[in-house]
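Right, one structure below, let's go through it.
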């Protein structure tokens, strides 16, 4: 949109400044050439390594290519949409694994996004408080984890959450015996239900285990993230809160102080000030943080690859990792590609849906 | 009214002191939470294995030992990984600065046919989640016959849509008059770009440098599909293999933590020095939305 | 997007696709026609090493062969064999020689990645029959087994004594095992640590008389009553605290837990010898045959073969290399270096003379069950392992019926 106005503006400007038609044409064609030359390298690289791969993958996803030879020869079996339908309608391991990965990732998103948003916002507000000093130090401290490599952090957290590691050591100080984080595949919701006595985790109600949609029983769908997944959740909240905190901080610093003071004079208490002055000002940043959060959490891969590889009991299996494993270990590139496209679709749908929802709520942001 | 005002302010003041205390407490607590894992990492990399296993929380090794680091240099290929990381990061960063700013400038200032289409492509690419590209990138690298080579490791990363976007945004904010003046003086397009506009883009370039450095230094998924020869491993890939591969049997934590630490140090140093620009880079994301 | 931009994008996409198809040099479509390169060969050998000892031994042997034949041979230990081989096969130049895990053999053979050279090796029948069968696909004997290991019951002599047990108490049946384990538990020691994978617990299935597939590998037999009996037995051990998984005692595998003396017994294979010698040299232990189940003795065998890539440019030299690696003397050298058993029957006597303490492992060759070698079973077996991880609180019947369904689907039956 901005682009179009700019073009239009420049056209009128150019017409005014450039004079005769002949000279304009040669200048414009020189500029045309320059323009294409300038974008060429970036465009070639992006085209070759983003666009082209997507097209190739689309092709492979409708075949049963097994990794030997070129996928474009005639000997490659075309199976149409079978790789996709197998993920949704055909009973079997493929669907089970895919649904399990969806379930795991969905719980992960549901926990991580609110947590990291709330933490980021809370920290931003505290750091922003006018009366507190040392902003730069705290800002740096909170942002630092986001900068380091996820692999390095995963190694540290593997150590921290080891059975006799830091976390369990700290819990022991309070007399709590920590679980064996990476071997514990019990779902948090299951444990909760077990704790309040609604269901026995070792003997779940038959009604829930007998049937269920898409190949997983209702009981399995209701598992919540597993204990092992929780350690990965902690890792990611810890890593990404800093980045989002910075965004909130920047937005908060744009809230005019006079507005806050006026509200205070009017007798508004802290909570009312927050709801009516601060939150509305943060609307667009909030939207951005939520969107980036959703997109990022649906793609979680590095940590799974380094820390758990889907274990224990497939409770840390995510669609991104499943796609990778299906292609590179099971040599089923068609299925792997199909999984990654379904994931792409999910992310796009969720992002658009979020845009719609938040737009309806409060007018154009 | 004045009385009430004074009362409100005084009440506010009292609340403020308590509030400050609470505020500081929160900040300090979370600083510990965010920084202590690094303390643990450093401390434990200097411990012996039994010590690390027995006293993981303690920030003080007893005894202090360089065993872990010795093993790193003997049993792993860390120097190779480091060399590869440096090579890849430098080339990718330079490449991105150059290509992204060229493209960004063209999209911002040059009129050429199809500009709209190119820009739309850039935006579309921004929307593609990175993970979806894992398998497809492998297919393309294979098809071009460059799989498992430095070319595969570096070339696909030489330009990125986000960088193009950032540069375009920035160039659009430079007043047109500057370029008009240079053009009247008879400078060609590239001259204008190189000698007039680019120097003015310092802040954005630094941001781009930081983002590229950080992105390519820490990159893992791309290295998984681009290479498999251990000679071509970068630091993230090497450390990942250290943990998951056959070298990872047994829980040799000081070794692994030490390797992870060595992988982190360069970024940490650059971060501390160039904080301002990292933070600006994060805020560019606000505009991206 | 305007129509013009859409057309522009489409044109760009089409151009890219054409470019790619034209530049498609990454795939060799006809491996059989790969020209045999003349001159000294540069062999690339990819191994899935069990540790430094193995890497060094293979490198030394390769160097010796290279010197003797005037070629060059580079040995590379793989980090993740499956992944690296998989990606290598999709590419243009896979390693010439590589280890092929028995469990993945069928996958590779079925996609034509392996060269069926086995009959070209001298005395190609002189290997144990079960091992040869493991590497036969669709009637063709593809590659020669390089060595093998079986599972045995490894007992920590000190902890054994501490529990008041003697040589005579070594269990030979499931019942004896249970009672011995109870005695050890009463002495405050964890009786058995065993890994939570079919590659260990499968031995119980064999001992009960069952297995995942039929002997010819074409039918799924997972949900048999024998398998159920085996899993229920293991579950009872787990529930009564007579057996634990390595992760429960903070170890990566059974050998590590055993070496750290977290348990008195473990079920592991020959490779434990090397690990114990290197990492836990002070722990004294003995090896015995696994206790027999209702159907008699049973154990699992593990083997790799020397695979030669169908796309290799140096097939002749590769075969010569494998020939050199599988002589009785070379196999004995490997056995001494990193504790595997020679796959040639002719080496059995020399081996039992050299390593009398491994008699139990060697005996296992007579009643061992090889890995499942049907293609596309990997994810099924991974799923089975996942279920076994939860065996303690799980339902064995359900685990087996799920395994049955998945196996049937994979075998296409």
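Should a chain be cited, it is by its letter among A, B and C, assigned in written order, with residues numbered from 1 in that chain.
Criterion: a contact is a pair of C-beta atoms (placed from the backbone, for glycine too) under 8 Å apart; a residue touches a chain by one contact, two chains touch by 3 or more.
This is a predicted model, so every value here is computed, not measured.
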Exercise. What is the identifier of the chain with the smallest separation between its Cα mean and the overall Cα mean?
Worked result: A
Exercise. Which chain is most remote from subunit B in terms of Cα centres?
Worked result: C
Exercise. Any idea how many Å lie between the Cα centroids of subunit A and subunit B?
Worked result: 17
Exercise. Using mean CA coordinates as chain centres, what's the subunit B-subunit C distance in Å?
Worked result: 40
Exercise. How far is the middle of subunit A from the middle of subunit C, if each middle is the mean of its Cα atoms, in Å?
Worked result: 37
Problem set entry | Touching two or more other chains - residue numbers and ranges from subunit A | 47-48, 51-52, 56, 70, 162, 164, 328
Seminar exercise, completed: subunit C residues touching 2+ other chains are 12, 20, 24, 26-27, 83, 87, 90, 250
For this session: List, in ascending order, every residue of subunit B touching at least 2 other chains.
Result: 53, 114, 116, 121, 138, 140, 143, 244, 251
For this session: Could you pull out which subunit B residues touch subunit A in their complex?
Result: 5, 8, 12, 16, 19-20, 23-24, 26-27, 30-31, 33-35, 37-38, 40-41, 44, 52-54, 56-57, 98-100, 102-103, 105-107, 110-116, 118-119, 121-122, 125, 127-140, 143, 155-156, 158-161, 164, 172, 176, 180, 189-190, 193, 214, 217-218, 220-221, 224, 235-236, 239-240, 242-244, 251, 253, 256-257, 259-261, 263-264, 267-268, 271-272, 275, 278-279, 282-283, 285-286, 289
Seminar exercise, completed: Given the complex, residues on subunit C that touch subunit B span 1-2, 4-5, 8-9, 12, 20, 23-27, 48-50, 76-80, 83-84, 87-88, 90-92, 250-253, 256, 279
Exercise. Where on subunit A is subunit B touching in the complex?
Worked result: 2-4, 6-7, 10-11, 13-14, 17, 28, 30-36, 38-39, 41-43, 45-54, 56-57, 60, 70-71, 122-123, 126-127, 129, 131-132, 134, 136-160, 162, 164-166, 169-170, 238, 242-243, 246-247, 250-251, 264-265, 267, 284-285, 287-288, 291-292, 295, 298-299, 301-302, 305-307, 309, 320, 323-324, 327-328, 333, 336-337, 340-341, 343-344, 347-348, 351
Problem set entry | subunit C residues touching subunit A - in the complex, by the definition given at the top | 12-13, 16-17, 19-21, 24, 26-29, 82-83, 86-87, 89-90, 107, 111-113, 245, 247-248, 250, 376, 378-380, 383, 386-387, 389-390, 393, 405-406, 409-410
For this session: Sort out for me which residues of subunit B touch subunit C in the complex.
Result: 53, 114, 116-117, 120-121, 138, 140-148, 225, 228-230, 241, 244-247, 249-251
